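Multiple structures are listed underneath, in structure tokens.
Here subunit A shows up in two complexes: once beside subunit B, once beside subunit C.
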Partner chain A sequence: MFGFHYRLERRTIGFVLAVMVVSSIGGFVEIAPLFTIDETVEDAPDMRMYTPLELAGRNIYIREGCYACHSQMIRTLRDEVERYGPYSLAVESKYDHPMLWGSKRTGPDLARIGGKYSDAWQVAHLMDPRAVVPVSVMPAYTWLGRTALRIDDLGLHLTAMRRVGVPYSDDMIANASADAYGQATPDGDRAAGVVERYGDATHVRSFDGDPSRVTEMDAIVAYLQILGQLTDAAGKQEAVTTGNGQ
Partner chain B sequence: MASLLTKNERQLALGISILLALVGLAMAGAGDDRAYAAHGILIMVFGVGTAFLTISGYHAPEPPEGRLAQYYDDPSKVGIVLAMGWAVFGMFIGDWVAWLLAYPEMTFDAAWSSFGRLRPVHTTGVIFGFGGNALIATSFHVMQRTSRARMPDQLSPWFVLLGYNLFCILAVSGYFMGLTQSKEYAEPEWYADIWLVIVWVTYLVLYLRTLARRQEPHIYVANWYYLAFILVVAVLHIVNNLAMPISLTQAKSYSAFAGVQDAMTQWWYGHNAVAFFLTAGFLGMLYYYLPKRAGRPIYSYRMSILGFWGITFFYMWAGSHHLHYTALPQWVQTLGMTFSVMLLVPSWLAAANALLTLNGAWHKVRDDATLRFMMVAALFYGLSTFEGSFMAIRPVNSLSHYTDWTVGHVHAGALGWVALITFGSIYAVVPWLWKRQGMYSAKLVEAHFWLALVGTLIYVFAMWNSGIIQGLMWRTYNESGTLAYSFIDSLIAMHPYYVARAIGGLFFLIGAVIGSYNIWMTVRATREDSREPIADRPVPAVARDRALQSGE
Partner chain C sequence: MSVGERDPHTGHAMTGHEWNGIKELNTPVPKPVWFFLTATVLFSVVYWVLMPAWPLGVTYTKGLLGIDQRTRVAGDLEKAAMKRATWTGKIEDMDLSTIQADAPLMQIVREAGPALFGDNCAVCHGTDARGGKGYPNLTDTAWLWGGDPETVAETIRVGINASHDETRVSQMPALGRDQILDRNAVLNVVSYVQSLSDSALATGGQADAVAAGKEVFADNCAACHGEDGRGSIDMGAPNLTDGFWIYGGDRQSVFSTVWGGRQGTMPAWESRLTLVDRKILTLYLLDLGSVRQ
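Moving on to the complex of A and B:
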């Protein structure tokens, strides 16, 4: 073995090829089957996609680096399930390009934060976290409330998402900007189209409390309120495993 | 600088600079979002700057032939200065965000200065800015010495070094403006990623061309590690950054993968960025500078081989231990845990090989802070690889994951191992490169050593405490069978440790500032050491031909 190596280390290209082969095996064995084994991701026929407004909110969540302190992945541990809700399933992030499972909980997990607090609480918390949670170490995000949301290019966002595999329809792409506006303007004439395209469960309301304009605050709160609500697959799974569903 | 390039190289450098400036101009002109356009302007300014640098020496006479009888070290010198600049910048931001966790109001009411944007500035600044520049600078130095050959040309090392720094600047300025892919340690957007691929391929080709010119029959161990670093980082970078931009005139892109596949790809990348950027590359440093400084040969050739191939093979399986108990299929988690535990063997082989090399030179470790930097780095390498294998065991991970224990583990490796081996190597190489008798002040090296060591220990102990307390509080039940502590309770318990951690980080930062001053004063000193070791030269061309005829 050492004799072989004694010869190998005299050849540059041979050595390079050896490193490439030896280093490729692990990743190949662990990653490739995740795309081919069907059981990797559960079926969830009720799974819906992010609306353009929620997607814009998700991009703000990414932009501000929220994932550095908040996970979106409840592990299969008793205390986590009791603290945050049913453990996360793979299917729940199947439209997440990229995933935001996170690696650190400086703040709590957000996988099922949707619906736990009112819009007004979320807005107040983002504007000044210590006004509602006195010992919080979260930064204030005051600029979200005063910045208008860019919605004119949301069609491009949906198109790119479709190219990587999210089944947005032509109709959704064509109306992306109008739907973002409509979802945050409940009394306007574009609100009906959002429900028509994304389903009755879609939240249509002024998330930041000011229906006269669509801000980045509207988008981020719309996103936070949908976390854990895109499918009921995890709730059903829990009902089966605990017997509560019978 | 440009006057030392040949005329052909000057023309090429000017061409590349102008091309870069034009690309920047196009991005700035066509850019459909402000951050993207700002990056266009930045690229254009960078291209104009390198064009001016080239023009300043454009009409100088051809460089003297005598240069070919010496190693080409100018890029290494500039790389070391850049590395120290990034170190101070990245560690300053790091300490700032550490204070923010204790006192969240210590910032401005502006988006760029919020924790979420500063945090990747810190990680990129220290990993890629400080670590990357140090790796590039030392790899140029080591590959020439161990091959006893000069670099094949003088332009590509500059392209690699300056191009790499352009990538780092794009990355960091992007975070301030809110540009990020959110993939940890792979945050820069698609155009910066493409630029890095171009730079990185040039780096690989330069390395291979230099090795091809070597006058030593064998490729030395340090080069195995540097090569693995360059090769594997290229693969990791390309796969993990596959993404669909929304438009060629906007920065935003969507990852090609989603959900569980994206998570696995990301942590395959993330863990092997630790393995091949923060471990392999720095083991390359260790395997050259430690024996040189100690004046002892590497303890064991066989341990070197086993350590190298073990690390290259096992590490690539270990990434899934970042995803224990998640929605990742359990078979992948089990593989990740198993290989992470096995990884301890090659890791400790490498650490033991380094420490045993010091046998017979321990009196030097006592007297010489530079060698002591390297010795303590090897110790921390052994410590943090043990800790890493331990934390990869599923039940341990159930406690440690998502807590500050992970942060403490990373910093035991990043401060104790990566930064200490880098400082040690830089203190060794600076006097050699600038031909000085020694560093400007040995006492300041000594002061830096103790500041760095004490800072690391404070940091790591604070995070061990806070992480384990946090993990235990989250899972503690009271007698009635409900969770005993709210999340906020655990946050309040963290406060003293967050203050301690920020103080430890401050020690480390002050050490880096002192080190930068010491290096700067060494460079500025006018007194050259005339006793240049005669062996520190490439094998001349005539001898090389003879050597080739003799069959090597």
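Moving on to the complex of A and C:
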């Protein structure tokens, strides 16, 4: 054995080939699980896509680095399931490019935060976290409330998502900017189109409490309120396996 | 010099390299390194056999131990539920008022309540349940929708202005912003509303405004808040005479409320918390209130 290695070391080409073979084993072990991805990722026919406004909110979430302190993955551990709800399924991140599972929790997990608190609370909390949670160490994000959301380029964001596999239709891409405006302006004439394109379960309301303008606050709150709400695949799974979330 | 040469001092083989008379030893890899390398390789082989490991096209090797994270967490949850079953069963089956009279069960409520409240309710209502601007104090005697156990449990279940199908709905219109009242009328009615809990106002310098506001109130507010301003728990309209304020009782706050309206939201908890959880929260809150009075 040592003799073979010793001889191999003295042959440059042979040794380079041997290094490539050995290191490709490591690569193969990492890639191989993807060959079975169709069998291991659950099915969720009811899965909804992010609306343009929610996608804009997701981009703000990434821009502000929220993922550095908040994870979006509930692990298969009893204490996490009891606190945050059913554990996360792979399919729930199907349209997340990139995924925001995270691995650090300075703040709580946000995978199922959608609908847990009111819009008004989310806004108050982002403007000044300590006004509602005195012990919070989260920074304030006051500028979200006063910065108008850039919506003119949302069609391009949707196109980029479509290139990596999110099935946005041409209609959705063409109306992306109008839909972002419509979703945050419930009394406007563009609101109906959002529901028509993205489904009845879409939240159409003024997320920041001011229907007269669409701010970054509208977008981020719209995104937070949809987290964990795109499919109820996890809820169904939970009902089958435990039947008691207490 | 040749490859087969040995170092006379250590007995190790030489590599055959030589630089300016310095020769290189071909020292063998130390035995502990071989030992640990072999041990970890053997461990991985055993691990592959026992645990889920290799992908096989459409499936994967399940491992002899049959360990699966999802069945394990389901088992853990079930075990925990079994441990609690002695009291969760009772809380689920018994009436709220019966539990209130049962000292050992109330002891459990007092222990489980803070964790549930802290995790779900405290962000709005505060860790001490005393609320804040826009979020009612839950320890006082003022209840928007009624403070008996069944009603509180129902409010927790369906929420207020929430996305639940049976949610309680209560909207205070924006009387000023939507031009139902002009600015003067709003100012007058604010004076009147303040005088309801502060009788000194009715006779002081604002007496005229209070009198004018009374008429505005009768025409625009009494339908929900009642002729006497005592509110209505059927509509979640607050009592304006009791000195408890959700959005503040100072002149500016009351003006903002009348001018811009209020549509406070409390999320519905039916889909997030079990019946037992909601019952514990109800009892915990009512217990908090009774302890503090």
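Descriptive notes on the structure:
The rule we apply is simple: the second predicted complex is superposed on the first by the 215 of 246 C-alpha atoms of A that agree within 3 Å, B and C clash if a C-alpha of one lies under 4 Å from a C-alpha of the other, contacts with A are read in each partner's own complex, and residues count from 1 in each chain.
Methods note: a residue touches a chain if its C-beta (ideal position, glycine included) is under 8 Å from a C-beta of that chain, and two chains touch if they have at least 3 such contacts.
Not measured: the values here are computed from a predicted model.
Of the two partner chains, both subunit B and subunit C are touched by A:L77. Touch criterion met: A:F35 reaches subunit B and subunit C at once. In the superposed model, A:K104 lies in contact with subunit B only, and not with subunit C.
In the superposition on chain A, A:D43 contacts neither subunit B nor subunit C.
By the touch criterion defined above, A:P139 reaches subunit B but does not reach subunit C. In the superposition on chain A, A:D200 contacts neither subunit B nor subunit C. Shared-chain residue A:V19: touches subunit B; no touch with subunit C. In the superposed model, A:D119 lies in contact with subunit C only, and not with subunit B. With both complexes superposed, B is the one of subunit B and subunit C in contact with more subunit A residues. When the two complexes are overlaid on their common chain A, residue A:D189 makes contact with neither subunit B nor subunit C.
Shared interface residues of subunit A, touching subunit B in one complex and subunit C in the other, are 2, 35, 39, 76-77, 82-83, 87, 133. Listed in rising order, the residues of subunit C touching subunit A in the complex are 28, 54-55, 57-60, 69-74, 76-78, 80-81, 84, 88, 119-120, 122-124, 127, 132, 134-135, 163, 264-267, 271-274, 276-277. The residues of subunit A lying in touch with subunit B in their complex are 2, 5-6, 9-10, 12-13, 15-16, 19-20, 22-27, 29-31, 34-35, 37, 39-41, 59, 62-69, 71, 73, 75-77, 79-80, 82-83, 87-109, 129-130, 133, 135-143, 150, 153, 156-157, 159-161, 163-166.
Taken together, the subunit B residues at the contact with subunit A in this complex read 32-33, 100-102, 104, 107, 109-111, 114-117, 119-120, 175, 178-184, 208, 211-212, 217-219, 224, 227-228, 231-232, 235, 239, 243-247, 250, 252-266, 268, 272, 301-302, 305, 309, 312-320, 322-329, 332, 335-336, 339, 398, 401-403, 406-407, 474-475, 477, 482-483, 487-488, 491-492.
Residues of subunit A touching subunit C in their complex: 2, 32-33, 35-36, 39, 76-78, 81-83, 85, 87, 115-121, 124-125, 131-134, 235, 241-242, 244-246.
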